[in-house]
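Right, I'll just put the structure down here and ask away after.
Chains here go by letter, A, B, C and D, matching the order in which they are written, and residues are numbered from 1 within each.
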Amino acid sequence: SEDVAEYALRLGDDALILSQRLGWWISRAPELEEDMALGNIALDLLGHARSLLHYAGTASGRSEDDLAYWRDEPEFRCAWLFQQPNGDFAHTIARGVIASAYMQELYTALSTSTDATLAAIAAKAVKEVAYHRDHAVQWTLRLAGGTEESRARMLVALTDTWPYTDELFRDDALTERLAGVVPAPSSLRPAFDEVLGAVLAEAEIAEADFTNRKIGQSSGGGRHGNHSTHLGPLLAEMQVLARRHPGATW
Amino acid sequence: SEDVAEYALRLGDDALILSQRLGWWISRAPELEEDMALGNIALDLLGHARSLLHYAGTASGRSEDDLAYWRDEPEFRCAWLFQQPNGDFAHTIARGVIASAYMQELYTALSTSTDATLAAIAAKAVKEVAYHRDHAVQWTLRLAGGTEESRARMLVALTDTWPYTDELFRDDALTERLAGVVPAPSSLRPAFDEVLGAVLAEAEIAEADFTNRKIGQSSGGGRHGNHSTHLGPLLAEMQVLARRHPGATW
Amino acid sequence: MPDAYRKTLIRQISQHAHSEIIGMQPEGNWISRAPSLKRKAILMAKVQDEAGHGLYLYSAAQTLGISRDEMTEQLIESRARYSSIFNYPTPTWADMGAIGWLVDGAAICNQVPLCRASYGPYGRAMVRICKEESFHQRQGFEILLELSQGTPEQHRMAQEAVDRWYWPSLMMFGPPDDESPNSAQSMAWKIKRFSNDELRQRFVGMLVPQAEVLGLTLPDPNLRWNEDAEQWDMSEIDWTEFHEVLAGRGPANAQRIQHRRDAHEQGAWVREAAAAYAEKQAARDRAAA
Amino acid sequence: MPDAYRKTLIRQISQHAHSEIIGMQPEGNWISRAPSLKRKAILMAKVQDEAGHGLYLYSAAQTLGISRDEMTEQLIESRARYSSIFNYPTPTWADMGAIGWLVDGAAICNQVPLCRASYGPYGRAMVRICKEESFHQRQGFEILLELSQGTPEQHRMAQEAVDRWYWPSLMMFGPPDDESPNSAQSMAWKIKRFSNDELRQRFVGMLVPQAEVLGLTLPDPNLRWNEDAEQWDMSEIDWTEFHEVLAGRGPANAQRIQHRRDAHEQGAWVREAAAAYAEKQAARDRAAA
């Protein structure tokens, strides 16, 4: 249905944009092992994006590439979290731990969807996302428990990234119409909170360490095409070559 | 003539690309005074670029915007120096001191060109470039003579930037055909060396502090359309909006 | 100068300064992508002017006994306010027009009376700022006019930007008079000379004929001149979103502060170098004397 | 193991490792702009493989008594060499094809004999690497084929990339045999089993029929099979540029080292954090034991 397509687009865009961000690290990571690890995660996410975009485009006869390269910014459906810049390694990890803990709950729930295609994509993705989450959790612990500098950076990174959490768990008309087919985003929150709470507890980080009383959760808007200022330049770079050669195949 | 147009294109592209780089600093500079100073320099350079591109396009009936927005990467004629990323503030200053010392000699010589338009553009630009050079020189001295950290950063920045110096002073078929109309790039070198030498002496920087025996001067290639890997993404962002609306006016 | 008056002035001036500085971001975002070199130059100059306004205003506040560092700390630690309007993103180029026309327009209506503010240094800063702001507003109008008369896609872009910014710009005048205690106090001290609602009426009165020239619609179906009341009737403002943004839950609150903090912190070594160098030079001069 | 042999091995293996690591950059440059998601995935995997090759090779060198840190320092301080071919920029997408087809192709010709190198750990690393490289070469070939059969603009892009990379790839086999002292020594030690010129001939012999399938021209008008000499006649290689690049004056030498150094230095705090954390964990485990 059109609703399922729109839903797949949201998930596909989340994965695509995060993959695009992570790809930057390849050749720039703090150690070779991380060039490989972040590259692996980027590749997995790109794989998810391709499956989801392929599915999203089926109804309207658009290919994954039509969707990735030929939509303008307001037609993208990714949440703000995934658009956030890489920042330093701590920012990438903070974004990663929130993103992967969310995706883990999402794909777990979705793997029993009554929509067979979504269920199959989710069942495959959930195994990979488990590795992403483990990677981000391990680094969260290392940075929080490493040096004074790394702990300070990790807290700044969490402070900067945390405001984009709520948007992931907001129900809206679309997810309500799809009730029974896809999990309500809000229903994923308790498990997410539990997992993240355990990680933060182990890292000896209290919520007050990274929440700013004056800055709450961003209202975001990505699900409806209202994006952060970071998305535009990312798309300009991602789409430039494809758009210079309309109709070409590669 | 076509040769003069090509020459104006080189100079225009140098100014345009450096302006595009510097514009990034506005809202990100180390202090408000620098948001304004770097913004001023970016604006001046953009002014030079517009005059030069306007002139370059006259013969072929192309506007400054046709040239800025609708040429692909290999059609740009900027030297590699101007394409270098902003890096930290020290890199911006290192690039700035080399660029402005070069432009100062160039525009001084060009202001007596037999080509009245080039002479007029250069005569106006040279006054502004004198300010750019002064700005970069002052910061070179401050960073080199400031703290241990700032001196170390300034030396790294010079090391990274220096290899793009020679390209500015290379004669080629075009500048030889234009002998008598424009200065031979190589003829600008002695005065440049003298100025830069004096700055480095005052900053107590020896050539060995920032030259790497194993890494010589880059062969570059910008004057003939062979660019550094930094130019592509810069153009993608700069041109994205204009290209999405072919034929539109703004 | 009574202490409460001084504090209110500092609060108001530094808040205004912060707004100029944070206000550089939503427009700065489009410098690299401006669609023509002429527009790029105009936009660059505008954002640079905002840095200048921030500087004047910080200086005016400094005359009241607060340092720029202190004010900067307050800003990046979210202890100081700035105009909430800058917590909205600028997704399209047309926002450059809408910000100029609507946001700068509203700012001018708010600020022109301040040029006669009772505290001299503030008043003088405001005279200069207002001159430049009205120039900016005209540029915003021109951007929208060009778009509105351009391709259908450009026209749509312009209308959507106006739809996005109209209500937030009306909210810039603050809550209705009957809910605005600070404002009443400021009027009593003559820091402020017109009420929120008076200024809002004046602003709408200015927009209506300009929108007609632009060929764009103001997104309020109930907007009309009421001959009897001699004022503009309009739909009731929905303050829910405004309060969300004020409470830090706007789309870009976190980003604005992060951006400013990053610039400040990443520039720390540069400021330290400049200070150390100046110190050494001074020592050398003293030794030579 | 004789010290001279050990040193030569370390030099050769670490140089190869550095080449893999630096070689990530020219292709990494196009990950963000790959023109289809499929190509993006293939390219990402390829560049990631190169990181993996670098890791195996560093490990092989470590067995000879040099640390990875030491090798990294040598690289970023320009005290170690890497394959000069990576000092050329990659201005177009077609370079992704030409690098795969020509550069990886030449690398394979150079490396296949190394799989039987007399030093075991190096030989075993090479077996794995060669398998992946020939996969990469086929992918490069496919990119060029797609472009060559695509739009006229794509075809031109492919031809230009082949023109750019053909001669540098031939230079990858090193100077002619009569000018290559290191090479003779390596052959004597059986680290190397074929001469530079032998490998170059073999490579050209592989390219000629493939170029025909691609519908692209190798940029050497004098290239033809000489029945009598049983070898390929070709134009003389112009080594001037090669020597310039070797001497550090290639287009991107400075950029390659800067990029690697930046990644290394900006990652220092992360590596320190990981080490400190591991140390704390170990201490905790010891205390608990």
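We take it that contacts are C-beta pairs under 8 Å (C-beta built on N, C-alpha and C of every residue); 3 or more make two chains touch, one makes a residue touch a chain.
Chain-to-protein mapping (UniProt): C, D = Phenylacetate-CoA oxygenase subunit PaaA.
This is a predicted model, so every value here is computed, not measured.
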item	value
Pair joined by more contacting C-beta pairs (B-D or A-D)	A-D
Farthest chain relative to chain B (centres taken as mean CA coordinates)	A
Where chain C and chain D are represented by their mean Cα positions, the distance between them in whole Å	54
Whole-Å separation of chain centres (CA-atom averages), chain B against chain C	34
Sites on chain D at which at least two other chains make contact	25, 32-33
Touching two or more other chains - residues of chain B	232-233, 236-237, 240
Chain contact topology (line, ring, star, complete or other)	other
Full enumeration of touching chain pairs	A-B, A-C, A-D, B-C, B-D
Residues of chain D that touch chain B when the two form their complex	25-26, 29, 32-33, 78-79, 89-91, 244-245, 247-255, 257-258
Residues on chain B engaged by chain D in the complex (per definition of touch)	73-74, 80, 160, 163-164, 212-221, 226-229, 232-233, 236
Sites on chain A touched by chain B in the complex	72, 232-233, 235-237, 240, 243-244
In the complex, chain B residues that touch chain C	16, 20, 23-24, 26-36, 39-40, 42-43, 46-47, 49-50, 53, 64-65, 68-69, 88-89, 141-143, 145-147, 149-150, 153, 237-238, 240-242, 245, 247-250
Chain D - residues contacting chain A, complex	21, 24-25, 28, 31-41, 44-45, 47-48, 51-52, 54-55, 58, 93, 143, 146-147, 150-151, 153-154, 259, 262-263, 266-278, 280
